[in-house]
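In what follows, structures are represented as C-alpha cells.
The following pair of complexes shares a single chain, chain A, combined with chain B in the former and chain C in the latter.
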Partner chain A sequence: MNLTRQPLLSPKRSEALTAYLFILPTLFGFAVFILYPIVESIRISFMDFNILRGSEYIGLENYIDIFKDKRVATVYGNTFVFTFFAVFFNAGVGLLLAVALNRRLPNFIRNLYRSIFFFPLLVAHTYIAVIWQFLYHRDLGVLNYYLGIFGIAAIPWLSQGNWAMVAIIIMDVWKNTGFAMLVFLAGLQNIPTEYYESAQLDGANGRQIFFRITLPLLSPTIFFILVIFMIGALQVFDTIQVLTRGGPGDSTRSVVMYIYEKAFQRFDLGYAAAVSMTLFAIILVLTLIQFRIGRRWVHYE
Partner chain B sequence: MKEKQSLSRRQFLQTTGAAAASLTALGLPVSSALAQGAPPAETAAQMAVYNFGGAIHQGVAAGGISRFNERYPNVVVEDVYEPSQAGWGGYITNVQLRIASGLPVDLIAMAIEGTWETIFQGIVIPLDDYIAEDEGLQAVVSEVHPSLHDALKVPRGPDGTTYYITREWNNMIIHINTRMFEEAGLDYPNPEWTWDEFVETAQILTTGEGEDKVFGFAIPYFNFGMAPWWHTNETATVTDDWLDSNLDDPNMLESLQFLRSLVHEHGVSPDVFGSGMTELFVSGKTAMSAGGRWPFATYIANDFYDVDIVPWPRNRAGTTVFGSGGYAITTSAADPYLAIELIKDMTDHQTDVDAIAGGTYLPAREGSTVDSEEFNAFPEHAHYFFGSLDDIKPIPSPPNFAEVENIFTRNVDNVMNDSISAEEGLAAAHEELTEAMANLRERMGA
Partner chain C sequence: MTSQQGSIAQARVLGRRRPSRKPVRPGDILTYLLLTIAAILVLMPLLWMFSTSLRPIAESLQLPPAWLPTDWRFENYREPFESNVPFLQLFINSMQITVSVTIGQLITCSLAGYAFARLRFPGRELIFLLLLASLMVPGQVTIIPIYLSMVSWGFMDNPLAIILPGLISVFGVFLMRQFFKTMPQELLDAARVDGAGQLRVFLQIAVPLSGASLATLAIITFNSVWNSYFNALIFLKSWDKMTLPQGIAMLTGYMGAGNASVVMAAVTMAILPVLIVFIIAQRWIIEALTRTGIKG
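Right after this comes the complex of A and B.
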C-alpha cells in the first residue's frame, strides 16, 4: 500500500497556478480599468446615451453619422499631420541630442544638459502655454520681435491655421523631445564599446560607424520611441487645448478634442464613443503595421 | 446621545408623496401643506454642495458653511469643488455622474450658462413653493435685483419658475489704464460714449513700435466678452427666446465688422489669438481692456491700481451683458428644507462682504455691497458695476450653450484672422447654428 499523498496538482499545473496568482493583481487592474471601459465604450457607441434619463439602443446610427460629419475628416486630417511631424521631430531631435551627449564629457556638463533638455517634460502644459502664447503673439510676441529685427514680417503663429499647427508642433517637440533623448541615450550606452573599437581598427569613419553600427543596434530603441510617440500623438489633447483650443476654426482640433467636445459639451456620449472606437481601431491598425514593418529593420542583436 | 433625526431620501419622498396625495385629495394646495419651516437645530445629516470656482470662491463658501454649522452643529457639509476646467458641459456631466453613482449632492452652484440645461435634465427642483412659505428665503430673493433673479428662471422673466437662488453676477465693462489716459492727455471718457468716440480714444492710446508698442484696446475674445458689442447694437447671437439663430440679423453683421475693424482696419487692437486681455492689460501692452469684476483680483495681486471702469460704448443702445450664478437644490437632496437653510447661510450678508474682499465676483444683493467702503475704494467709479443693471441683458444661455458658443467662436475665428469676410463667417455660423437649434428644439419637444 502506497502511503505517499499524491499532490493535488501536477508540478506543471502548480507552477502555472502560481504564475496566474502573481499576475492576478495586474489582470484585475487591466480588467477593471482597461478592458471594462473599452467594452462599455463599445456598448455606448451603439446607444443614444443619457446618464440620468436612460438610454436606448440605436444600432449603427452613430457610426453612420460619422461618415456624414465633415468635421470628423478635418479633425482626423489635423491629427495625422500633427502625428507625422511630432513623431518625426521628437524622435529626430531626441536622437541628435542623445548622440551629442553620448561622448566623453565631464559628468557635470553631461548631467546639466540632460536636465536642461528633460526639464520641459516636468512642467505642466497649462503653465508653459501661457509663456508660449506670449512668445507666439503676432503683434506683441517675442519671436516676431526678433524676426522683425532681421526684416522678417510678423508670422501669424496662432492666428492662421497652418502656422498654428507649426506652433503646436514646435511646442510639443520642445516639451517632449527630452524624453526621447533620455531613452536614446540609455540605448546608446547599452551598445558594447567593442563594436566601435573594432570598427575604428578597421578604419571606419564616423559616418560609417553611425549608420553601420549605432543605428542598427539602436533600432529596438528607435522602434520603441516611434510606437509610443505615435500612440501618444494620435491621442493628442492637452498640448493643443492649452495653446489654441483647436482654433482658429477647426484648424488645429484633434480627434480626442472632438470626442471631448461631443461628450462633455454637447452631452452626445454615444456619438463620442463611436468616434473614439474609430480612433481605437486606427491606433490598433497603425501599431500592428509598425510591428509588421519593424521586423524588417529592427535588429535585436 | 442624540438620536439621528435626518430622513433618508426614500423616507422623505414616501412621507411627502403620501402627504401630497392626501392633501390633493382633500383639495388643499400642496405648497402650504408642505410648510414645515427650518428643521430643528439638533438635526443630524450629511450634505454635499457641488461648487465651482477657485480658491477665493472656496474660502467664501467655507465661511457660509461654518455659519450654517453654528446653527446645525450635527450636519456635516462636504464642499465638493470643481475648478470648471472642462467648461460648464463637463461640470454638468460630473454632477450627473455623481448623482447617478449614488453620491450625495444636495446643492449645486451653477452659472447661468448651465442653469437651463440642469433644469431641462431634471437635476434640480423648483423653489417657488419653498420661497412662498419661507420669509427668510423671501428676504434673500427680494434683495436680488429682478434682472439677476429673473434671468435664472425658466421660462426666463418674472413669470417663470425659480430654480436658483442667485449668489453672484458679473458684467462686462470697459477697464481703462488711468496712467496712460493721463499721459495721453485724455480725460475720463463720457459714460455715454459712442463706438466712434471709443475708436478715436483707442487710436490716441495706440502708440510706439517694437517692444514699446502699446495698443489702445485688448478685445475680450470670448463669447461673454464679445456680447456687449452685440447688445449695444440691439442684437444677439440667438433670438430672444434663446431657441433659434439670430446670426442673420444685419445688426449682427455690423457689430462683427466693427469688431474686426479694430484689429485689421483701425489697428487699435492686437491680434486676438494668443495672450489673454488681462495679461496684456496688466503688462502695460494695452491701454484699455474689458471684463467684469473678476480681473480685479489679478490687478490687486499684481499691485496694479492704475485702473478705472467706464460703461460700454454704445451704438444703437447702452445695453451691456451679465452672467449670474446661484444655488439650486438637486432632486437627490435628502432634505430640501435643510438645504434651504444652507443656502441662506451661503448667500448671507457676510458671504457678500467676503466676496467683495476676494475681488472676483459681484454679490447678487446690491444692498450689502454698494455702501461698502472696500467696494468703493477701487476702482474709483465702482458704482458703474451696479449702475449697469438698469440697462443689461443676460448672456444667452440655452440648454446647448456650449454648442452655441463653439459654433459661433469657431466661425468667427476665421473672420478675426482675416481669412474670410464677416458676411461669410456669419453665414456659415448661421447655417450651422440654425441646424443645432432645430435639434435642440426637437430634443426639448418645443
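Right after this comes the complex of A and C.
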C-alpha cells in the first residue's frame, strides 16, 4: 500500500503505461495478423508468386490478366446475382416476419416464433448445406417429392446452373433471414407509439400508417440491414462450397471460391491476391454508393 | 423508472391499447397463418435431419419422408465414432480450437477494451480508429499472407494456425469498449481512492461487473469459431487434425448418399453444442446480436 503512495512514475504516466500494456496483446496480434498481411497482400498482388520456383515482380500484369480472365467475369457475375437476390429476399422476408411479430401477440407466442426463426442463424453453413443437399436431391429429395404431388416435374436443383443458384439463394434466405427479422423487430419496437396514436386519431388506415410512418422511421434499420447483408453476400463461400462446389461447371462459383481455388489449390498466390484486392475495392465502392444513395431515402430522427 | 411511469400515465390519458376482448380480425388470422407457415418451413429441414438420423440406414432416403422418427435407431449415432472417419477426434479438435480462441479473446479484448474506454494515453483515438478501419478489410485479403507466415513458421496442419490469428478480435475490443464506457465512473474512482492500482481496479472491480458482456463475447466467438470452415479448409489437411465442419462436409461424400442416416446423426451431434448454448443463453444472444448487429 505504501508503495502506491510514492509512485516511481507520475499518476498520468503510470496510467498511460498500464494502458499500453493492456492493449499490447491486441496490437501485437493486429500487427502480425491484420496490418502486415494487408500490406503484404498488396505487394504480393504485383508478383508472380510461387513458393517452389521463386517469385518476381511483374508490375500490373496480374491486374491486366484479371480483365482478360473470362472466369473472373463469370464468378463476379454469379456473386452479383447471388448478392442481389440474397439481400432482397433476406431483407424482404425478414421485414415481413418482423412486422407480423410486432402485431398484437401474446409475449410467449412472439418469443417462441422469434426463437424458431432465429435458430438457423446459429448453425454452421456447412451443416445446413449438408442437410439441404439431401433435400435438394433430384430423385430422392424431399422437395421434389412434394412438388411432384402437385404435378411439378422433378427440378434439377443442383445439377443445372440456374436452378443451382436458385437452390443456394433459397437456402441462404432460410438460414439468414432470421437475423434481418431480429434487427427489424428491434427497430419496430423502438418506434414511439405516439406516432401511431396521432396517426390513428387523424384517421389514417393501416396501409397509410405502414408506408407513411413505419417505413420512414425504420429506414435507418433497413439501410443497416442492406449494407450488412450486401457485405456478407459478396464474400459468400461456405454454403456454395459444400452444396455445389461451384458447379455445375462454374455456374455457381463465387469470387471467394475462385480466390480459394487460385491460392490454395493452384498456388498462384500473386494472382489470387490481386483478385482479392478487386473484391475489397468492389465491397468498398458498393458500400460507399449505398451510403450515398442512403442519404436520399434514410430518415434519421 | 420515472420515465416509465410517465409513459404509463400518458398511455392512460391517451387510452392506449388495453387488454380488452376485441373481435378477431382477419388481419390477426393472416398474421398467425404467415408466422406458422414460416415456422414450419424453418423447422422442417431440422426435423427431417433428426428423424432421418434415427431411421434404419436402408430406409434413410425412403419417400414419402417420415417426419417423425418411426424406429429410434440410436445405433446410427454410434456409427460415426466407429467409422474410418475419426469423429471423436474431429469433435475434440474443434473443441480445442474453439475454447482456446474464446478464452484468448476474452482476455485480450477485455484488457484492450478497458484501456480504450477508461484509461487516458497518448494516441488512444488514433490507434482505435486504425483498429476500426481494419474491420472494412475482408478476410480474403489477409488470408494469403497469413498462410505464407504459417508455412514459414511450420504451423501447417497444426491447430495453432487457426488459434493464433483468432486470439485477438477488433470486433471484440469494440464490444468490450462500448460496455466499459457505460460503467459508472464512481465505482472505479472509489477503488482508486483506496489506493488500488490500475490492474487491481480492472481485475477486482471492472471484470466482475462485466459478466454479461463477457458472456456475450464468449457466445458470439464460440459460435463463429465452432462453425468456421474457410480457415480450417486452408490450414488443416490430415484427418486427425481436421475440425468438425470440415469432417462432416467430407463425410457426405465419403459415406455416399445411401448413408444419410449416419450423416444426419453426425450433423445432429455437431449442432448439439450450439443448441445447448442457445437454450441456456438465448436472451443474451438475441440482445447482443440486435445491439451489435453482426451475423452468427
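Basically, the second predicted complex is superposed on the first by the 260 of 301 C-alpha atoms of A that agree within 3 Å, B and C clash if a C-alpha of one lies under 4 Å from a C-alpha of the other, contacts with A are read in each partner's own complex, and residues count from 1 in each chain.
Operating definition for what follows: a residue touches a chain if its C-beta (ideal position, glycine included) is under 8 Å from a C-beta of that chain, and two chains touch if they have at least 3 such contacts.
It should be emphasised that the depicted structure is a prediction, and the values quoted were computed from it without experimental measurement.
Judged by the touch definition given at the top, the superposed model places A:162 against neither chain B nor chain C. Contact with chain C, but none with chain B, is seen for A:115 once the two complexes are overlaid on the shared chain.
Once the two structures are overlaid, the count of chain A residues touched is higher for C than for its counterpart among chain B and chain C. Look at A:26: by the touch rule set out above, it reaches chain C but stays clear of chain B. In the superposition on chain A, contact is made by A:266 with chain B only, not with chain C. Legend: residue contacts after superposition of the two complexes on their common chain; A:130 is shown touching both chain B and chain C.
In the superposition on chain A, A:248 makes contact with chain B only, not with chain C. Of the two partner chains placed by the overlay, neither chain B nor chain C lies in contact with A:10. Using the contact criterion defined above for the overlaid structures, shared-chain residue A:140 touches chain B and also reaches chain C.
Counting contacts by the rule stated earlier, residues 51, 130, 133-134, 137, 140, 145, 260, 263-264 of chain A appear in both its interface with chain B and its interface with chain C.
Interface of chain C with chain A (complex): residues 11, 14, 16-17, 27-28, 31, 34-35, 38-39, 41-43, 45-46, 48-49, 52, 61, 63-65, 107-109, 111-112, 114-116, 119-122, 124, 127, 131, 134, 136-149, 151, 164-165, 167-168, 170, 173, 195-199, 202, 223, 226-230, 233-234, 245-246, 248-249, 251-252, 257, 260, 263-264, 267, 270-271, 274-275, 277-278, 282, 285-286, 289-290, 293-296. By the touch rule above, chain A contacts chain C in their complex via residues 1, 4-5, 12, 14-16, 18-20, 22-23, 25-30, 32-38, 40-41, 44, 51, 93, 96-97, 100-101, 103-105, 113-135, 137, 140, 142, 145, 174, 176, 178-179, 182-183, 186, 193-194, 197, 206, 224, 228, 231-232, 234-235, 237-238, 241-242, 256, 259-260, 263-264, 269, 272-273, 276-277, 279-280, 283-284, 287.
Listed in rising order, the residues of chain B touching chain A in the complex are 86-87, 89-90, 92-93, 96-97, 99-100, 121-123, 210-211, 213, 215, 270-276, 279-280, 285, 400, 402-403, 406, 409-411, 413-414, 416-417, 419.
Every residue of chain A that touches chain B in the complex is listed here, in rising order: 51-53, 130, 133-134, 136-141, 145, 148, 156-161, 164, 244, 246-250, 260-261, 263-267.
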